[in-house]
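Let me give you the structure first, and then I'll get to my questions.
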Amino acid sequence: MIVLFTDFGADDIYVAQVKAVLAQHTAPGTPVYDLLHSVPNFDATAGAHLLAALQGWFRAGSVFFAVVDPGVGGARDPVVLEADGKAYVGPDNGLLSVVAARAAKARMWRIVWRPATQSLSFHGRDLFAPVAAWIATGNLPKDSLQEIPALSVQLGAEDLAKAVYVDHYGNVLTGLRAANVSRSAKIEVDGHQIAFARVFADVPAGGAFWYENSVGLVEIAVSGGSAAQTMRLRVGDPIRLA
Amino acid sequence: MIVLFTDFGADDIYVAQVKAVLAQHTAPGTPVYDLLHSVPNFDATAGAHLLAALQGWFRAGSVFFAVVDPGVGGARDPVVLEADGKAYVGPDNGLLSVVAARAAKARMWRIVWRPATQSLSFHGRDLFAPVAAWIATGNLPKDSLQEIPALSVQLGAEDLAKAVYVDHYGNVLTGLRAANVSRSAKIEVDGHQIAFARVFADVPAGGAFWYENSVGLVEIAVSGGSAAQTMRLRVGDPIRLA
Amino acid sequence: MIVLFTDFGADDIYVAQVKAVLAQHTAPGTPVYDLLHSVPNFDATAGAHLLAALQGWFRAGSVFFAVVDPGVGGARDPVVLEADGKAYVGPDNGLLSVVAARAAKARMWRIVWRPATQSLSFHGRDLFAPVAAWIATGNLPKDSLQEIPALSVQLGAEDLAKAVYVDHYGNVLTGLRAANVSRSAKIEVDGHQIAFARVFADVPAGGAFWYENSVGLVEIAVSGGSAAQTMRLRVGDPIRLA
C-alpha cells in the first residue's frame, strides 16, 4: 500500500503523473491512497505534524510518498525513513522528522540512486515515485540507499502550538496532541477564550469550542460554521493555551 | 461496488481514512467510487435530493456510503436503507429519506453494532465504513442491524423548490425533477424570468436558461458563464416557477 | 490504461458517473487516471496545449478521454484521434488538434455510433466514455467510426504565447515549449521583465522567474509565492517575450 501525502493539489496536473510512474513499477492493482494533497503549500513544518498524526491510521507495511519540497533542485537530500514498520520517502527538509523523532524504532537513508533523466522541479515524479514503488514491491535496487545516522533537518518530537491545517469546513487543526492538553484548558484566540467540548452535537450552532479530533489533535471548531473565518485563523498562527 | 457520497471534501484528510478502512474489510480491487465529497457542508436536505437524483446512475447491488452528519456524536441513529436493490449506509437525519420515500421497495435498519474504539467525531471512518464494507462483501455480522419500521427524519418524496448544489461551472442544481416541470415554465430569479432551453449550444454566450440536466433535475445555467455568480444564487435559495 | 482530461472538476458530480460507465465496459481493475479535471472551463484552446504537453508522460497504448465540450448538444462532431500510438476520444472543437498536428503519425475518425439513450448535456458519460472503454479493451464495435481526412477545428502545431493554466501554487503555465525559447529571453508582464532561472531553489523568496517546467513548458513562477496573484495573471493572458 502506497500513501500519498503532498502539497501537489488533488485537482492539479501533478498527482496523475506520480501515479503513472508508480504504476510502471508496481504490480497491477497495488493500492494507492490519496491521504492529502493539500498540505499547506511549501510548509514542511505543518506537514510534518499532520503526517505524524495521520500516519497512525495506516497499517504497518505502508509506504508513504511524502513530498512537500520547496527546495527541490537545491541542496536538500532525498531520504527514506523506516519508522515503526512503515516507510517514508521524501525530502530531508523536516517533513519526515517528527515521525522519526516520535518513533520507537527508526532508521534512515539518503537516496543515492538517480534517474537517467530527471526534471529539475518534479523529483516527486522522477525520483521519489520510483523509490516508493520499489520499496512497496520489495524491488529496491541495491546501492540505491546509503544509511545515515540522522536527518539533516530535525523538528523534534514535541507538539507544535500552531495552526497546521484548515479543513474545508473551516475547522482549524493544531500541532498539539489532545492527549497532552487538559480538558479544562482554554485556547485564547482573538480576545476570546475557547473551552473544550466533547463533540459538535454538544455545542449550540455558531458556538466555538476545541475538541480532540479523529486523529488525536487539538482542533478548533465552530458548530455549523467555519472557525477559520469566524476567528480569522490561518495556518502558522500561534495557539495559546490559558 | 461502494459509492461514496459525503461532505468530507475531496481534497481533505477524511476520504483516504475511510478508504483505508474499506480496504481492510473488502477484497483487493473492490471498486470504490467518489460520487461526491462536496455535498454542501452539514446540509442533509440538499444532500438527500442530490443523492436521490444521482443514485439512478449506479447499478443494483451498489452500496452507498452516504454521510453528511452534523449531528455526529449526538442522538441521531446510524442506519442502513435497502431501496430498490441498492443499499445506503448513513445517519438517520433525513439524508437517506428521499431515496426511501421514492423507492418502490424499501426496508431499513438501525445499526446496533459498535466498534471497539470509536472516535466521537468521525463515525464515517469508524462505524459507517466497516458496515458499508461488510454489506458490499456479504459479511455483515448477524445482530449488527435491527429492523425499524421507518426512518426518524423523513423529508418525503416530493421535489424541493430550492437550489441544492452549485457545480464548479456555476450551474445551479435544484431539487425539482424536470419531468415534473412544464417546458413552458419560467423560473423567477432576481427580478428576471428564465426560460427553458434544450442545451447550452442553443443559447447565446452569456444567456441564462434552465434545462433538464443529465441526472434529471431542473438546472439553472448561463451559457459560457456562471449562473451562481451572475444571479447571486446559493444553495438553499428558493426557486420560484412562474 | 484510460486517462481522463476534462474541465469536469475533480470534486464535482461528473467524474464518478464517467468512471461508472467506464467500469461497465472494461475488465475489473482497468487503470483509470485522473490526469486533470480542472482544464480551464470551456477552454478547448488552453486544453489543447496542455494536453499536448501532458500526454508525453503516458505510455503508448494509453486511451485519453479528453472532454472540454462547451458545444455539447450542438453541431460539433465526436471524434477519435490516433496519434503516435495513443488514442484520444473527445469533441472536434480544437481540443485534440494540437496533439494531431504535432504527431508523426495521425489518423482520425468521426464517431457515428450513438447510445440508445443519450443526455443532451453529458456526452462525456453517455457517448465518449463507452467509446473510450471499448478502445481500451479492443472491443470497439465495427461501424462505430468513420474515417475522416482531417479534424474540423485545427489549432495547428505552433506554440501558443498565452497563459494556459494556473496551478494551485499560482504558477502560470504557458503554451510556449521551453525548447523553443532562448534561456536569455525575458518575459514582460505588468511592466516587469522576468528572467529565466533553472529552478525555484535558485531564486530568493518572493522573486519572479520563468523556467522549463516538468512537462517542457515555459512557466512563470514566484519563489515561495503565487505568480498569478503577484502579477495578476489569468488564463488567456498574452505572454510577451523580450
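Note that the chains are named A, B and C in the order they appear, and that numbering of residues resets to 1 at the start of each chain.
In this section, contacts are C-beta pairs under 8 Å (C-beta built on N, C-alpha and C of every residue); 3 or more make two chains touch, one makes a residue touch a chain.
What you are looking at is a predicted structure, and each value in this text was computed from that prediction instead of being measured.
Overlaying subunit B onto subunit C using CA atoms gives a rotation of 120 degrees, to the nearest 5. Mostly differing positions are employed by subunit A and subunit C in their mutual contact, as under half of the interface residue numbers are shared between these two copies. Put simply, the C-alpha centre of subunit A and that of subunit C have 30 angstrom between them.
Of all residues in subunit B, those that touch two or more other chains are 9-11, 29, 38. Within the complex formed with subunit A, the residues of subunit B that make contact are 9-17, 19-20, 23-24, 28-29, 38, 41-42, 70-75, 119-122, 125-126.
Chain contact summary for the complex, subunit B toward subunit C: residues 1, 3, 9-11, 29, 31, 33-38, 50, 54, 57-59, 165, 167-169, 198-202, 211-215, 224.
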